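Once you've had a glance at the structure underneath, I'll fire off some questions.
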Amino acid sequence: MTAGALLSIRGLKSYLRTPRGLVRAVDGVSVDLAAGRTLGLVGESGCGKSILARSIMGLIADAVLDKAGGQILFDGRDLRGLSEKEMRRLRGREIAMIFQDPMTSLNPVMRVGDQIGQVLRLHFGSSKAEAQRRAVELLASVGIPSPERRARSFPHELSGGMRQRVMIAIALACDPKLLIADEPTTALDVTVQAQILRLLREQREKRGMALILITHNLGVVAGVADEVAVMYAGRIVEHGQTADLLRAPRMPYTAALMQSAPRLADPPHTRLQAIQGRPPMLIDPPAGCRFAPRCTRAAEICRREPAETTEASGERRWTCWRPLEVGHA
Amino acid sequence: MAAKLLRQLGALAGILLAVSLVAFLLMNLAPGDPALAILGETATVESIAAMRARLGLDLPLSERYLDWLGNVLRGDLGQSFRANEPVLGAILGRFPVTLELLIGAQVVALGLALPVGIYTAYRARGLADRSALAAALALISTPPFLIGIILIYVFALQINLFPATGYVPLSEGVWRNLHTMLLPILTLGLFEFPLYMRLLRSDMIQTLQQNFISLARAIGLPPWRILLGHALRPSSFSLITVVGINMGRLIGGAVIVEVLFGLPGIGQLLVDGIYQREYLVVQGVVLFVGVFFVLINFAVDVLYVMLDPRVRIDHASR
Amino acid sequence: MTTQAAETPVAAPAAVRRSRLSLSVSLPVLWLGAAALATIFSAYLPMPDPFRQSLLRTLQSPSPTNLFGTDSLGRDVLARSILGLRVSLVVGLGSVLFGFALGGALGLVSGFFRGRVDFWISAAMTLILSFPPLVLAIAIMSYAGPSLGLVIFTLGLLFVPAFARITRANTLSLADREFVLAARAMGMRNGRILLQEILPNLVAPLIAYGMLMVAVAIIGEAALSFLGLSVPPPQPTLGGMVAAERANLLDAPWAVFGPSLFLFLTVLSLNVAGDQLQRRIDQREAAL
Amino acid sequence: MPDQTLSSVAPQSDATVLEVQDLTKTFALAGGQRLQAVAGISFQIAAGETLGLVGESGCGKTTVGRALMALPPPSSGEVILEGTPLSRLSAAELRAIRPRMQMVFQDPISSLNPKRTIADIVAAPLVVAGGLNRRQRDERVREMLDAVGLDPGTVWDRRPHELSGGQCQRVSVARALILNPRLLVCDEPVSSLDVSVQAQILNLLEDAKARFGLTMLFIAHDLAVVKNISDRVAVMYLGKICEVAPAARLYSQAAHPYTVALLASVPDPGTDFGRRFARVIEGEIPSPLDPPSGCRFRTRCPKATAQCAVEEPRLRPAGENHVVACHHPEH
């Protein structure tokens, strides 16, 4: 583990109680993040990346969450050991989060200025006027034109991109040390996505906070993240510096993910390398490597035993019995 | 906005006209001769003809309607034969009793439904939630007269806390009035409570699953502030609508409760009118209640627009 | 073709939960079944004659011969309650079927064709909804004189807007679904789309709703008969029995609470079963 | 629009399967407002060609797809399918011609009736068309399921919710192809699927096109996906077409500033490490209720001049088989 990591997740297991059984949504995840760095967390739907994010925030109800093990060390404290009251002091103040759908993530019957202001009043005890003044400043800083007027708007009067900017303003209000962005641009158009990603990047640099960017889009990760963790079926299967990992994936799943997405650089009618089958059910995952049933390189051992994690130089890790050679992709 | 309001007022006028037509036709198309009904089986052919002429029954239907409507607009709903007083006067004289009953019942129902609904939504599937739901289901399955009879049996007959029947007007003191009105109000309130509670609970549960609630939690708000500050208002829109619409259900319930507790409200007037074949009284009450109900619903629509910014903006921008 | 999907369909989920009948379903169904049988075959049940009066045996407390005691005219309360329940069930089912047929058809047509048809149907529904339902029922019953057919018609009429509204809303949302567009795209006629694509998706929610409405209808009938505006005597009705005996509440509570219990259990059973059915449908919809 | 421009929108060779002339679609909103979702667009698709229609949300691309399928018909303009103008057809004639153009929708679950079995769903077009008995129909359904990569034995009696999104989309493709249509309109067929499944469906569509000799209109917002599957691409902005070019050429030599901005906004996992988003364009699509005068893109365009506000640019040639609607094209 990196010395002085802001966030250090150790063997985290978050299981969900559902009517159909216990879902091993996060099943032994370890990852570190230093202050001021950006981690891209990539995976397909249902791989557990959002559950991981909500576990860090402590946003999953006790009735549903089975804290099956592991630690979440933030600034030296284990978040799993904190009471709900202590977590509340942390949320929005030191760790902030933005969600996927900007259309439904703001309170529809509350003016956006008040929604920003209430964070400041809650954590800093600001007066109403002070909170309002800061809210306008924040709206301006996230690039919203005529912020005084916009502060009095209701969410449905704003476009999707504007709402996502408001969400970012709420998240930044208390200058958090860590911002978790869960698919912040998935619901947005590509030109607006670029605007939001640029905004996130600028704000991270300006404030020196750490950022976890959760997405299914490898391109988004490439543009924003310093390092990337690839998640599959509740586990992190590969982790490394962004350029290293994307140029030379070692875990076959990462490579397959990259080859299955069409790229602008390729000529028309390029045959895509589809991954056959679909991710396993996390109620009863396969015994060995969870990607083995879909993996073209899988051997006997892959199906039998969970893969071990290999650490290489340059903070590169992969969890695979039969990794690709460097330069394969 | 003004055009919108104008259009709504136009629709309101149309509905009111239609209501009056239904009230009129109900009486005039019904089988049986009203004149005969008034005079009884012993009436002679001449007296029936005289009564028909007096009631205007010998005129064509459309003419009778217009005549009647003109009278109604002037405030003349006809004369009650037995009591020998104007029908409108009889209605207005008794309406305060019914109104007190209705308002009291809504206060009781909402006073119970708000805390119970919010808490059960917050702790959905817990023990309190399940007990509250079971109680609500039992109450929904109990006809209003039965709720009243049980309350009478327990509070009037067994422990003698309140009178079983009778009415003391407000003018003779608030407490003396409440003493007679409490059981009727409670009856109607309990009849209405489970509906509101279940509605608020399910809307609230839906709201609590929304992303903006996750956001409210993610900025560190405590549960009670999330419940009251963020979840309650967006969850209460359908409750507000239903509280309005259910004035109708309550007026129906009020008829039963007034008969059961012997309260001199317009429900009692309606039923007496039916028993005594005072068809003008019946018609007057039906018309009055219909108009009252339509106006309440209109007011709720307007209130709704004022409460929900989404609707409000939509209306303003159009 | 080269791509063979290596995926295999998963087994139907949650089949485990569906097969087991919980108490909250079996008990109501049991009661409703027993009630239906008792009312159909009441003539063959070993009970006193529900119409025979006996001035010597008025307001008798419950005994082996009169399980629910006797009323103020000395008639057996249990036997009369069973006959009264028959009226409740017939009116409940009949009026809901009437409202279901008329309202469902109107809602389907107005949701599918929209436009002018929708406008006029909605206007007619608004008119019915402009009166408090029970007051409208009282008015119709009082003008036309009480009879079984009229009670069914009146209550059924009051259900028309509710069924029309729920059918219309479901039809509207279904008509926007892409599978209906796909059906149009393949050249399917409107009638066939309505019957084959839309109607099958409406049945389950409407049945659950219908069960809850039967409960409402039974309460409505009870209220009318409490006021003496339902089926005329000598036919006993549950509401009528309560109204007739409430003066004797202190001396003979059984004469009031006996029929009340029948009423309560029947309505409760319908509500519980309807709720359960609705919950299951919602769960299945959510799983889609 | 001058004829010369129209012909330049068309590919040089081959018979034309679909021709769209000046198509508009206007919706009446509550409160008397009118929304023009598609504001007069024209294009042609040659036999065997795939035309990609790409644009951001609200640009009217889905409306185009539905309008040319007459679901419901366009407000004005003409859709000509293999020489037959659809607006002149009676309802019965329209129903008769429908099998020649079929559609695959965006939402794999919602496009299949939840109450019917997969076999029923795929057979429905045959039932509507008539002419085959039960056995022959079953035989065709089996063939089609096989062709789209589903095992007929396993899925036959299943219902849509028992299949995955990718499998449902395969069923949709099977249903669309069972009557041997000439034209297949795909409306965002992969946008709700995961990347790995998306590749399966894109490959399937390519294979189906080759095997059944299809002509395709492929509507999507994802430029990389559109480039992958299309021969030519039309770019839409706020109800209008702003550029049409062969797929490879559009991506290398885009002429319209909007196309350029769109391409620059797509992040690429292979090359964009630590990118600064230097060429991000500002603002968002204006409301179609109140579109800008002149060129509709001018409010966000870095090259906009006074001319752009007054004069609406028409489509004009910008290279071989390439047209652009811009006063100041890139080349």
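Here the chain labels run A, B, C and D in written order, and each chain numbers its own residues starting at 1.
Definition applied: a residue touches a chain if its C-beta (ideal position, glycine included) is under 8 Å from a C-beta of that chain, and two chains touch if they have at least 3 such contacts.
Computed from a predicted model, the values in this text were never measured in an experiment.
Student: If you tally contacting C-beta pairs, which comes out ahead, A-B or C-D? Let me know.
Tutor: C-D
Student: Using C-alpha centres only, name the chain that sits farthest from chain D.
Tutor: Relative to chain D, the chain with the farthest C-alpha centre is B.
Student: Chain C to chain D: how many Å between their CA centres?
Tutor: Each chain's C-alpha centroid was found; their separation is 49 Å.
Student: Distance between chain A and chain C based on Cα centroids, please, to the nearest Å.
Tutor: Measuring from centre to centre gives 51 Å for this pair.
Student: Quick one: report the Å distance separating chain A from chain D, using the average Cα coordinate of each chain.
Tutor: So the centroids are 32 Å from each other.
Student: Please list all residues of chain A that touch 2 or more other chains.
Tutor: Each of 274, 276, 278 in chain A touches at least two other chains.
Student: Which chain C residues sit where two or more other chains touch them?
Tutor: Within chain C, residues 3, 5, 7, 10 contact more than one other chain.
Student: In their complex, what parts of chain C are in touch with chain B?
Tutor: Result: residues 126-127, 130-140, 142-145, 215, 219, 222-223, 226-229, 239, 242-243, 246, 249-250, 253, 256, 260, 263-264, 267-268, 270-272, 275 of chain C touch chain B.
Student: Please give the residue numbers of chain D that touch chain C in the complex, ascending.
Tutor: By the definition above, chain D touches chain C via 66, 69, 71, 94-96, 98-99, 101-103, 105-107, 109-116, 124-125, 128-129, 146-151, 154-155, 158, 160-164, 166-167, 170, 172, 175-176, 179, 200, 203-204, 207-208, 211.
Student: In the complex of these two chains, what residues of chain A are touching chain D?
Tutor: 44-45, 159-162, 189-195, 197-198, 201, 216-223, 242-243, 246-247, 256-258, 260-276, 278
Student: For the complex, give me every residue of chain C touching chain D.
Tutor: 1-5, 7-10, 12, 177-179, 181-189, 192, 197, 200-201, 287-288
Student: State the interface residues of chain D toward chain A in the complex, per the touch definition above.
Tutor: Going through chain D, the ones touching chain A are 56-57, 164, 166, 194-200, 202-203, 206, 221-225, 227-231, 247-248, 251, 261-277, 280-282, 284-285.
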